[in-house]
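Structures for review follow.
The following pair of complexes shares a single chain, chain A, combined with chain B in the former and chain C in the latter.
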Partner chain A sequence: MTSLWKFDSPRHRQSKTGYWFVLPYAVFFGGFVAYPLIFSFVLLFHRWNVVTPMEWIGLKNFERLFSDPLFFKAIINTLKFLLIHIPLQMVVALGLAVLLNSKLKCRGFFRAVFFLPVVVSGVVVTILWQQLYAFDSGLLNRMLSAVGIGRVPWLIDPDMAMLSIALMATWKNVGIYIILFLVGLQDVPRELYESASIDGATRARQFFRITLPMLRPTFVVVVVLSTIGGFSLFVEPYVLTGGGPMESTLSAVLYIYNQAFYFNHMGYAATLGFVFALIILGVVLLQRKVIETEPTT
Partner chain B sequence: MKATAKYLALGLGAIVFAYPFLWMITSSLKPEADIGGFGLWSTHFTLSNYAQVFERIPLGRAFLNSIIVSLSSTVSVIVFGSMVGYALARLQFKGRGALYAVVVFTMTLPFQITLIPQYILMVKLGITDTYLALVAPTLMTAFSIILFRQFFIYIPQALIDAARIDGCSELRILFRVIWPLSRPVVITVSLLTFMSSWNEVLWPLIVVRNRSLMTMPQLVTLFTIGGEAESLLGLQLAAATLLALPIIIAYSFFQRYFIESMASAGIKG
Partner chain C sequence: MSRGIVRSIMLVISVCTLLWWTGCSNQKSPQGSGSGEVVELTYWPAPNPQEMQLADTLVRRWNRTHPGIQVRMQSIPVSQSTEEVLLAAIAGKTTPDVCSNIWPGALHEYTRAGGLIALDQFSDFDSIALARTPHDLLEPFRSENGRFYQIPWKTNPVMMFYNVRMFEEVGITKAPRTYSEFFAAAKKLTRDLDGDGQTDVWAGERDIRPIWWQRLFDFYPFYIAASGGKTLFKAGEPDFNDEDAKSVFMFFQECYMENYFPHTYFQGGDPFLLEKKATHFAGPWEVATLHSLAPHIRFDVAPLPVPDRHTGPVYTYGDYKNIGVFGTTKHPHEAWEFVKYLMLAEHDLLLLTITNQVPVRGDLLTNHLFSEYFRQNPKMVRFAEQAISTRGVDAAPDLKEILDAISQVYESCAVYGKVTPAEAVDGAFRRTQMIVKWNK
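Entry: the complex of A and B
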């Protein structure tokens, strides 16, 4: 009797159910995370076009990668993107969030409108901006030439194309960051501002001394998410420029895609993916460290 | 005065974010010759762009495919995700801590590393060009598991104990007791999953070449960059509008949920 009781104990029942509950995930993890991860390590050392058998080539993929100008080009392009995208996004998002956080009618309406591009597919946004950016007939250039500035070679000039994509990506994503900053702003304790105004601190001083330091966790999130976004850029250059002109908008993921599905270089594409993933993890860790420890003055 | 400046800035922002969409929708209803101006109005509104898009590409089928893929992914993510979340939060079993660590590790793993091997897995299983390949990698997400776990941890133990004493199975407890108490997180995960699945382009481009299986964003993308649109602006805008419309309609109904979902996701993520 006692042994039977023990067998049916709640604890035992729980642990059995626990295993049943996580079983689907274990299968999923094995198939779609663990196996691909292991297989990616295998691919690193092979040449393979899916059709013919794999060929062991040692470290050749890495040798090739470190002498591949397009690999470095993709990194430089991504850095260029981030250099515009991150600061622009922070300024616009924080500015609009501060406005939304003040006493306001129709706050819900403005919030909803700013967030609209976030929910819409990147494909839609890209098709739309293709029209805005068109050199001869684009709306932006029509507007600019109407006010006498003249046409801007948004997507034609290799020096500009990536910046144009960064601008577009900011327009698409800034809504998320407005909301994140808004949540951050609401978390700043009221008393801080009250005691600061009693001490005679101006609004501007309060903003730089209280608001900005208190928003540091939000800044970390914004920087990290934007960085991951930059390295994940695909649809935008794929539709807008195909990576051109002169590879100036070749992004990390677009390059992996091209190597894998145009040239069937699976081993090399996996190597690129692996190295880009390491770079992402490295950059994100570094950013966290810098933003979390740097003292603000 | 200050208030005026504030509303002016916000109003300008609203125009910058909303006007392009209005322009897209109205332009898609204009004949090719009329598109190009800033204005929204036209004297010859027509549906001919839409008629032509449907003639050239199987957009109806693509819509259906997208619905099938997004819905199955969403249902799977909330059912299995909440089961794992519940086990991690409320059930005692050996290896629970390790499993949680694995889930967190999976969430931080950049997709760039698994993209190619996942594709090869589809090839090896012989399931490229199937619905299964489209949904398989998104049937469960580490992120949803973590959201569920965080939420379930705060549900009072007394409720679970009471249900257990009544003889409820754990599965019943999860879906009959926990779920009704967890509407916010269930809605959050559903919306985020549905939205990201609906908008996904890269994965369908990789695993599906058969036109009748393509999802809507995929088909519209290929339509735009391929020759089929013949650089006719009206057609591209009509296709883009059709792609955007379901999400915009859903957004107008569940706007609050969308925004709050993203906020909670961003903070926890």
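Entry: the complex of A and C
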């Protein structure tokens, strides 16, 4: 056999060096991805409160889940949030992107200002909004009172609280979608607008007939990202309302968190997480199907 | 094998050996109690200043008279709740030898984790426990397997404090005993003092946030009172889907609907201390708070209001805190000796004097040792009288989640009036059944 196949041949040594380079990621993947995933799967069939030994309970976690109205309420709350948040976010982001794409004084400054909330910690932003939304002493209600409009129960009215959270979440995240829309707008060929102008198309007609169709790929990205972000709604209700009033802002992730870390039901929380992941998968597959079957113009 | 790999393996082995050696060298050798060595015990009292002062006094005395068993007192590490700290300590095997802040509602979790030792393994347990605590009060603390993992130490009966001046201002001279009497008083007590159309003083107030332990100071004691001493469970099964629970929700719903209680969360101080509310449901610790922070307030204490049809004694929630010895102790007998020392009559007097909390004793009002204290603190007599008509919490699994379920319906029924009392009780009961079924 040639030295090429010997154990300590230079080539063999070289190839093994590669494994050492891969090792840190392999350790990371094993410890922080593969192990938690496998452990979560094991937890689906156990009751475990971290302190006592794990107890095999078969499908009892699933049995409880399907008779747990609070979980379904949390799912519906999350969907309500998505229904308000996604359209609002798209309209606001697109409107601001169109403005920031036009010839505007201090355009760079405004672009930075709108992006600023994205880089600020979610908890900090939420605490700030908690002060703004306070019923008795909040800045918003003081301003409304000063102009003769009564105080608004932003966070203490069950019918109002989720809307308030959606408004705040839109303010927090809109910057990233403005950037996406700006990129999309700058990709629209100038010639299309020029020829449309020559043909006598108004600005509004140009917007609906050229800009919007050309932004379809961006809309797809924004919808998918907003959906994923919306499903993971947690910090805002956790800090602002704790899921109340009357569980009206209890999101699915907050409910899973409560079951895991407030009531120490690790197995049940893993089951909720598993089913919730399946629901998200279903929604994303549905979105893909809808988007893929839409005719291209 | 290449020299590099051999070198790496040698390095790893060396590091592991070093870590193992240093780790083992830090381990303390177990201390024997019979070889003349000093036994060391760790004791965790509740972290409030009064109980820390009491513990400090008792531990100093003990250490002076017991040179062979030295106790180190350390307050329970600060967290959201003692129960969380103790559970974390059980998981990490860092529990103390003795703790005197065991809430019976969490006992099921502790024993399931093997965290506590059975105290009735000591031959003198029965005689010590029964000499201090009447049989009726002791029995509810027996676990499902028939063993005692806790010994009742103190109770804080939840009663109704009322501001005598505010009552007199509206012409009421007696504390309301029934719901009807309470509503009649509340109508007069809730007032707009400056004529600006806004209520300035209320008949009462409760924290409107759906926090599980808040229900231990409204729904739960009121349910015990309305039902003549029933708790949420009977023979391990939920047992509160009844008229008494509905009447309690009806009571609180009316309090909010008629605006006798504010729909807001008070920030910036206790409204009873600020004389913004005329009644307050609390335990005897409030007596010391009122004396020290608001000495100008004239107050009195009365049993909780009950439904109009109620007959017999008025029970309430006792908010018991008990003593337990943890399974990590290396000196169970010495720990038990210390537990017995904590419960001596003269130390119960110190418990009363320093903390204004009621020892679970049957002879509080007959033992001459305590008579001088009660003469000087007449308000505390009410709590001593009430102590024999108290109930704790059931040793049920997931009591925290069950009380959370009750909190959620309390919010929707009482505070917001969105569901009827019958729907509220039914909703909480069905969720409790689901939790209990899942735990079996």
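Criterion: the second predicted complex is superposed on the first by the 268 of 297 C-alpha atoms of A that agree within 3 Å, B and C clash if a C-alpha of one lies under 4 Å from a C-alpha of the other, contacts with A are read in each partner's own complex, and residues count from 1 in each chain.
Please note the rule applied: a residue touches a chain if its C-beta (ideal position, glycine included) is under 8 Å from a C-beta of that chain, and two chains touch if they have at least 3 such contacts.
Note that the structure is predicted; figures quoted are calculated from it, not measured.
> Do chain B and chain C fit side by side on chain A in the superposed arrangement, or is it a clash?
fit
> If you stack the two complexes on chain A, which partner ends up touching A:113: first (chain B), second (chain C), both, or neither?
Once the two structures are laid over each other on A, A:113 reaches chain B alone.
> In the superposed arrangement, does A:50 touch chain B (first), chain C (second), both or neither?
both
> According to the stated criteria, A:135 is in contact with first (chain B), second (chain C), both, or neither; which is it?
A:135 sits against chain C, while chain B stays out of touch.
> So, A:158: does it touch chain B (first), chain C (second), both, or neither?
second
> Which holds for A:208: it touches chain B only (first), chain C only (second), both, or neither?
neither
> Looking at the overlay, does A:72 come into contact with chain B only (first), chain C only (second), both, or neither?
Neither chain B nor chain C is touched by A:72.
> According to the stated criteria, A:245 is in contact with first (chain B), second (chain C), both, or neither; which is it?
Touch status of A:245: second partner only.
> Output check: A:264 vs chain B and chain C. Expected answer is one of first, second, both, neither. What do you get?
Only chain C is touched by A:264; chain B is not.
> Examine A:64 and indicate which partner it touches, taking first as chain B and second as chain C; both and neither are also allowed.
Only chain C; A:64 stays clear of chain B.
> Among the partners chain B and chain C, which is in contact with a greater number of residues of chain A?
B
> Once the two structures are overlaid on A, work out the angle chain B-chain A-chain C from the Cα centres, in steps of 10 degrees.
About 80 degrees, rounded to the nearest 10.
> Measuring by CA atoms in the overlay, how small does the chain B-chain C distance get, in Å?
It comes out at 6 Å between the closest C-alpha atoms.
> Which chain A residues contact chain B in one complex and chain C in the other?
Residues 13, 50, 242 of chain A touch both chain B and chain C.
> So in the complex, the part of chain A that touches chain C is made up of which residues?
7-8, 13, 47, 49-52, 60-61, 63-64, 67-68, 70, 135-136, 158, 242, 244-247, 262-265, 268
> Within the complex, which stretch of chain C touches chain A?
Result: residues 1-2, 87-88, 90-91, 109, 112-115, 209-210, 264, 398, 400-401, 404, 408, 411-412, 416, 418, 431, 434, 437-439 of chain C touch chain A.
> In the complex formed with chain B, which residues of chain A make contact?
10-11, 13-19, 21-22, 24-25, 28-29, 31-33, 35-37, 39-40, 43, 50, 95-96, 99-100, 102, 104, 109-124, 127-132, 137, 139, 142-143, 171, 175-176, 179-180, 182-183, 221, 225, 228, 231-232, 234-235, 238-239, 242, 252-253, 256-257, 260-261, 266, 269-270, 272-274, 276-277, 280-281
> Which residues of chain B touch chain A in the complex?
6, 9-10, 13-14, 16-18, 20-21, 23-24, 36, 38, 80, 83-84, 86-88, 91-94, 96, 99, 102-103, 106, 108-121, 123, 136-137, 139-140, 145, 164, 169-171, 195, 198-199, 201-202, 205-206, 217, 220-221, 224-225, 233, 236-237, 239-241, 243-244, 247-248, 251, 255, 258-259, 262-263, 266-267, 269
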